[in-house]
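Each of the two complexes below includes chain A, the first together with chain B, the second together with chain C.
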Partner chain A sequence: MRHDMQSPRRMIESSFMDAGADGSAQVDKELIAALGKIVGDGGLVSRLSELKVYECDGWTIEKSAPDLIVMPRSTEQTSAVLRTLWDRGIAFVPRGAGTGLSGGALPVNAPVMICTSRMNRIIAVDSADRRAVVESGVVNLRVSDAAREHGLFYAPDPSSQQACTIGGNIAENSGGPHTLKYGVTTNHVLGITLVLPDGEIVELGGAAEELCGYDLVGAVVGAEGTVGIVTRAILRLIRTPQAHRTFLVTFEDVESATRAVSAIIASGIVPGAIEMMDQLIVHAVEDAFHVGLPASAGAVLIVELDGLAAALDDQARTIAAIARGAGATEVRLAASDAERGALWKARKRAFGAVGRLAPNYATQDGVVPRTRLPDILRVINEVSGKYQLAIGNVFHAGDGNIHPIILYDERIPEQVRGAIDAGREILAACVAMGGSLTGEHGIGVEKQGEMPLLFSPGDLIAMAELRHVFDPAERSNPNKIIPSAGSCVEVAAPHRQVPI
Partner chain B sequence: MASRPAHSIWGRKIVEYDLLFDCVHCGLCLEACPTYAISRAEMDSPRGRIYLMKALAEGRLDLDSDAVRHLDACLGCRGCETACPSGVHYGRLIEDTRSYIEGNYRRETPDLLRRGLISAIFPYPARLRILISPLRLIERAGLRPLLNRMMPRSIRSWLELLPPLASTQTSASISSPAPSSSAQTVVVHHGCVAQVLARSEIANAEALLARAGYRVIHLDRTICCGALDLHSGNRARALDFARANVRALAASGANAIVSTASGCSTAIAEYGMLLKDDDHELSEKARLVASRVTDLSNLLLKRLPMPRSFSCTVTYHDACHLAHGLGVRDAPRELLRSIPGLKLVEMVDADMCCGSAGSYNLTEPEMANALARRKADSTIATRADYVVLANPGCEFQIASELRRRGSNIRVMHLADFLAMAIRTSDE
Partner chain C sequence: MTISTEIAHRVESLIGRDRVRAPSGRETRAAQLIAEPETQEEIGEIVRMCEANRSSIVAIGSARTLGAIRRAPADLGISLARMTRVIAYEPADMTVAVQAGITIGELNAVTSPSGQRVALDPLNPGLATIGATIAAHHAGPLRLSEGTARDLLIGIGFVGHDGRAVRGGGRVVKNVAGYDLMKVMGGSFGTLGIITEAVLKLRPVPAVYAIATKECTSASDAFADAAALNDAAPLAHLEVTSPAPSEAIGLAPKFTLLAGISGTATEIEYLRETVAKTLGAACQFHARDSADQLYARLRDLESFEGLVAQVATPPSALAAFLIEGGVEFRAHAGCGVAQLYSRELSPERQLETAKIMRLRARACDGYLRVLRADPEIAGEMDFFDTPSSGALTLMRRMKGAFDPNGIFNPGCFVDGI
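Showing the complex of A and B:
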């Protein structure tokens, strides 16, 4: 069963037709008053031009503005807001910073958006137990900033960490370059305060390391906002490594770079990160940030070792030898913290640098077994030729998590179509190679149509049933992840099925 | 490849349409935006504002009071340009948008009046001098607090921003040696408001430059750099001011151009772009002048004989256009650190706007005050004796908020601070 979920026809024009004469959306005045009483006037967005700004997240191919946005400041306010919506049968979509790349925060049959941007307090940093208690709207990087003076940091480091929220990270089970050694978000969340769609506040997990019973925190992490709103989390903090050795390794082609990656892993050394960038990305990044990447390289790796200073030099020698054995043309060690910082900054801003090459891009996110990296890159190359769209590759090579970046121009309809189809073909190839549809960006609306490639109808039903434990009426972020009958409607016309 | 429309068919020519596509909607700029930090809503963020511009350009949105409000609320601080990996030319986008708004949107009368007043007075030092002269008398009689109390709130907040006028009269606090004939030459652009309200900064900057071995060239008369107009959408007059400045600065022959107000130096550094469509001679001169702009701290670093010692704790606030416009962050800090006995402590979000932003604190007092409070919080948390910065606007804004809190942290321009440290250690 394949649903035509991602047709550009779904690009929804927000309907100014039903605009009130005074420029406010036609939302029930009584509802606005009730919600305003909870969050205050400043906590509501209801003007049409303001709502427009929220019509997409980092996935810009599809657009749909909410009818109303509520920005609660606390768990209690969130609970009262959801209760109010529940009583009226209104569905909602959670949103953090809107950096998501799979349309997770796109309202589909969800008239109200609940934005966590005002729940951004760091409540406590406990250095003895190495925990942080934060509200869900706290920006990822701020957690590490607050932990720094205790010699601690928060390990999951998505490239968007300067902006994305802990709530969004939890919903997408986000990873980052250092996932290779430290794991993804789910390995770092110990407890969660969740407001269920009917307004009930539940505490899952807790500060203790090992809890008995079913892992409900694990069920909420990665649920993409379909089980309610996370308002607080207890996060694990990690001791800042004493030292780093960061290499920039140059190769003539992706094949030899991949060989190096496999050989490094096989050696038993676990680097903090192994990142790869292909030629197109290297060019873009170098043009944008001038960090001295070799322009002639077919591929570069950033390999980072971290740990006790005493152990690192031996490991560093091993890594350098392995890289040369695999055909590296240059192995450069960052000489200072500043150089290391510049390398990472360039890597983390690679997406943006690519943005300088074309008006729009779509970042894909798939996983293949590490050894199949050369194969998938060959497929990507073919796909790029077939659709006449440039595709760059930057990825977490150590985990086999690829990020093909497909360049297009939204003003040219066939390019939009091409970008969508190219993405699909690449994902199908990932699955065929024994991989997965997403490493870290989530399914959202973007990859819903591909879910049946990976899961049987039985699997999908089981997932839906798990979701129903938390959200039986599907009020929280409806029509996401699981391709259901409800979501397969062609949303060509304004989609406000739920009248409010 | 299929062709693409240069404009949307219904569109407005509000900004250069292609520039809008530099923004890839990634959101990485959100936290760097001071107005987003306060309102936490995306209409008050760079991404949101660019989206509004785009919707306006494509005719998907009316130029209504909602859209204008959020575009007005932009400080023009350019924190977003630093944060953006995609190289969005936000400064140009907002300047062009403002120019479009002024031409196509009818503001409410009080707003028009306020903006008209600022525009008629600030760029002209002679007018500003006349306007504040009665205030000088009142201050001398010790009646300023009383006057402030008597005024309606809107005027009072303007008055409270003004520094003690006695302090604005000081001349250089250190002497300067005669320059050698082969010395590099520097012009200190005196700005418009600065030459009335921030004279010690200018005098000290010139004295420090002389001490560092430069020959300071004086212009006969300094004309406003045009930044104020550019930021408020009065492009035509901005261009006139820019042309006059290009002629004067080019004629001076100075090797380097600096200003004690970083908004001015950044504006001059962008003259090349601004006047690129002028006739060849002028546009070439503009490029030349622009290329000579640098910051005082760059010129002084490693050349200024430092005081023997000056024991105190200092925190440094990055003026927006210095950090985000000219990219100057390290040189002022290094200068401070090179003073023996001085301890430099970083404040949280040192490069986040204090809300001053040219005349922003006069047109958008609510947001400006919220930002001033935030800045005062992070300043006070450092427990420093001084907060040093390199822009008079920030100086007045932060000082006014610290005064209100009864804090005894002293706010000083880098030029004043260095001069004081040198004088104290010489004595």
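Showing the complex of A and C:
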């Protein structure tokens, strides 16, 4: 299929459905035996029924099970596995926990999946240097758990942090509610052990803060698994703030809530987090978890201040005044750690709660400059009306990172089509407002077709050249991120996801 | 006709006579001829011309960095002195898009009325262009609390090989669309292309700033205090200076700890108490104008005569490195980074000293970059460390991919890239 990078409306079309044929031909008994020797029989999955479990990540529209899954236990095993595949010309797809939302871990022309689940050791927590050295299969939350006794934490906190891995976070450059103040994954990764597609092990960066040569660590973070397998990382840890003040602020409508967001940002106070939920989400969360969210609210904000205990009361007063000035009907301060915990639990499980509202839902991830939040929410509202589909909003408001959740029923073809088109219209509006196609979920296979909205052919060529520095033969996670002739599947259903 | 006059004619024909000139001052060591283009397109044409001619080309801010480390001047210097515009500034978004020739000082003058700043404080922000700060990864005391250009850069535009204009990132604070070209260009010392535009996150200017100083009897005392202080409170910056730099910034010639604190009036009050409690009675506070002036002198600490280098180690290893090193220094204590001043004047001894310090840095998982040495030995000095062989192979491929004709600041980066 010929591909036209200039055409923004091009659908993601794919030939990977017929890749299975040549792919499976490549995985034969000899290969399985060779890999088994490296990782042991317990490190391979080849039974069809078990492979099915890995046929998609959190982007469930397209499914394609790998022919073989390999689970190395170490960098050395990973290297030997990739070398074996390299010698046979076989492509692979890396996978952490499979919580990705853009099809990053979906096998496309990649018969073998490399799972990091058995590389899950925290190697060291160094409180003097404020560093953690971890294997890439370590689950995000475990890093903060291990650092807690030293008064430290790992700042990037995706809502999926109980399941997602550091390797997946590095690949997607993941964020979370608290990245507003502390930065995303790339700001917290100092060193990486990378196994290149030909099996070579390279150490990039280190525990020091200055670079020696090009910033290859920075190039690997956010590369969505297309440059080899990350097996280890040196992470920066942050001092746990002395104190928190967490507010639940209620508004009659989303406009006043977004006004409050802009005003808070403009005030010069940098909160730890500013998260928004609209009426639809508030109801869903309240029905599911009964945390006492105001049923009558048009929108709520969770605003969290952190820092020196001595200063927080002043700041809290300022925030409360700003919120009231923007039209808040109630400003409630979490009275205890338990209350604060409940608020965050509700926020982080909001996606799960939405599952009760409609048979299916599709979550989008877009970004606008913070001042354009009212405009994009208006667009979302219009799009919702145009396609007759309910859309809920729960998102990282302080960063301008929206997550509209489009509800639909996959049994009704017009709704399916409408959900796809609605998502695209919202993304196009984000870009038109000076924003981006994705703030944290990545391009994967989902948004390859939209990349030309944001980047010129020349930009995309430069990016492809960067990828080829690491993976000239495109063996690691082929056909992702950059639209190309090989990455072609008609998107037949919108983006759904499995609540976790 | 010399090579440079021939190039001069060609560049003049591309962008006009009035915008091609001879280098002056520090520029003379960076390039033989200076062009002052006004647009990305003009730079693109110049790059194509240089590629066709195999002429070397370097981007020049104030030429402080390259002027000190280029072995021989490049054929052509691109000064961005005419590309200093603020392209877009929306205070409420706390982001700013600029042309790369603007200096940090100029940019801060634009943003400070809104209570915002670009929180980068390399040596002399009035001279440091945004482009050079990104390309050479320059940073100052504030790196402890605000990070470096690596953390604040959210979008980039550059002219690469074939004169093509490339953009990466965007104008929003959170964005993972596509590969991270900001990281590719950051710290690349102009070896991959000419940075023409940058988009940066801005930070609020703190309401109050103060600085605590403490004279210490030894370097180890100073670092012990610094470590305790860094654990006790979130600081704006944290330095330890050896006697000569202490004196140069107007303090007594002693090992000195300098801790910046910033925030609201209430925060400052709390921080002052904590700092005083941790450092004891010997510490002294400087507020308002005197704090601002001391901070500026600390930030702009001019290099001494002799060899100047920067070391980066894991933070806890820095003290031992410096205590045993026997050279003067300004250390960013919480970050594991320090500038070293060996006032050794003999070129041979400078080479020797650099070699020894580098071995010692490597021994504690650190790196050493030479920032300045006697021009006479520029040809022999290894200004950069050599990365591990695997990483180096990737870097060579990176150079080959982005600069296939080898014209961008050749021979001036790690391992002669």
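Of note:
The rule is short, and it goes like this: the second predicted complex is superposed on the first by the 452 of 500 C-alpha atoms of A that agree within 3 Å, B and C clash if a C-alpha of one lies under 4 Å from a C-alpha of the other, contacts with A are read in each partner's own complex, and residues count from 1 in each chain.
Keep in mind that, in the parts below, contacts are C-beta pairs under 8 Å (C-beta built on N, C-alpha and C of every residue); 3 or more make two chains touch, one makes a residue touch a chain.
Since the model is a prediction, treat every value here as computed from it, not as a measurement.
Considered on the superposed chain A, chain B and chain C are sterically compatible, since they fit side by side. Set against each other, chain B and chain C differ in how many residues of chain A they touch, and the higher count belongs to C. In the superposed model, A:A243 makes contact with neither chain B nor chain C. By the touch criterion defined above, A:A219 reaches chain C but does not reach chain B. Look at A:A295: by the touch rule set out above, it reaches neither chain B nor chain C. Residue contacts after overlaying the shared chain place A:G98 against chain B, while chain C stays out of touching range. Of the two partner chains, chain B is the only one touched by A:P359; chain C is not. After overlaying the two complexes on the shared chain, residue contacts for A:I123 are found with neither chain B nor chain C. If you stand at the C-alpha centre of chain A, chain B and chain C are 130 degrees apart, rounded to the nearest 10. Of all C-alpha pairs linking chain B and chain C after the chain A fit, the shortest spans 21 Å. For the contact definition in use here, the chain B contact set and the chain C contact set of chain A share no residue.
Residue ranges on chain A touching chain B, taken from their complex, read 13, 23, 42, 45, 47-50, 52-54, 56-58, 60, 69, 71, 97-99, 115, 117-118, 120, 137, 139, 141, 160, 162-164, 288, 349-353, 355-356, 359-361, 388, 409, 411-412, 414-415. Touching chain A in their complex are the following residues of chain C: 90-95, 115, 137, 143, 147-148, 150-151, 160, 164-168, 170-184, 186-188, 192, 203-205, 207, 227, 231, 233-234, 263-264, 266-267, 269-271, 310, 312-316, 335-337, 365-367, 369, 384-388, 390-395, 397-398, 401-402, 413-415, 417. Taken together, the chain B residues at the contact with chain A in this complex read 1-5, 18, 21-32, 39-43, 47-48, 51-52, 55, 60-62, 64-67, 70, 83-87.
If you check the complex, the residues on chain A that touch chain C are 126, 128-131, 172-173, 175, 179, 183-184, 186-187, 196, 200-204, 206-219, 221-223, 239, 262, 265-266, 268-270, 307-308, 310-311, 314-315, 367-371, 396, 399-401, 434-443, 447, 451, 454-456, 458-460, 462-463, 465-470, 481-482.
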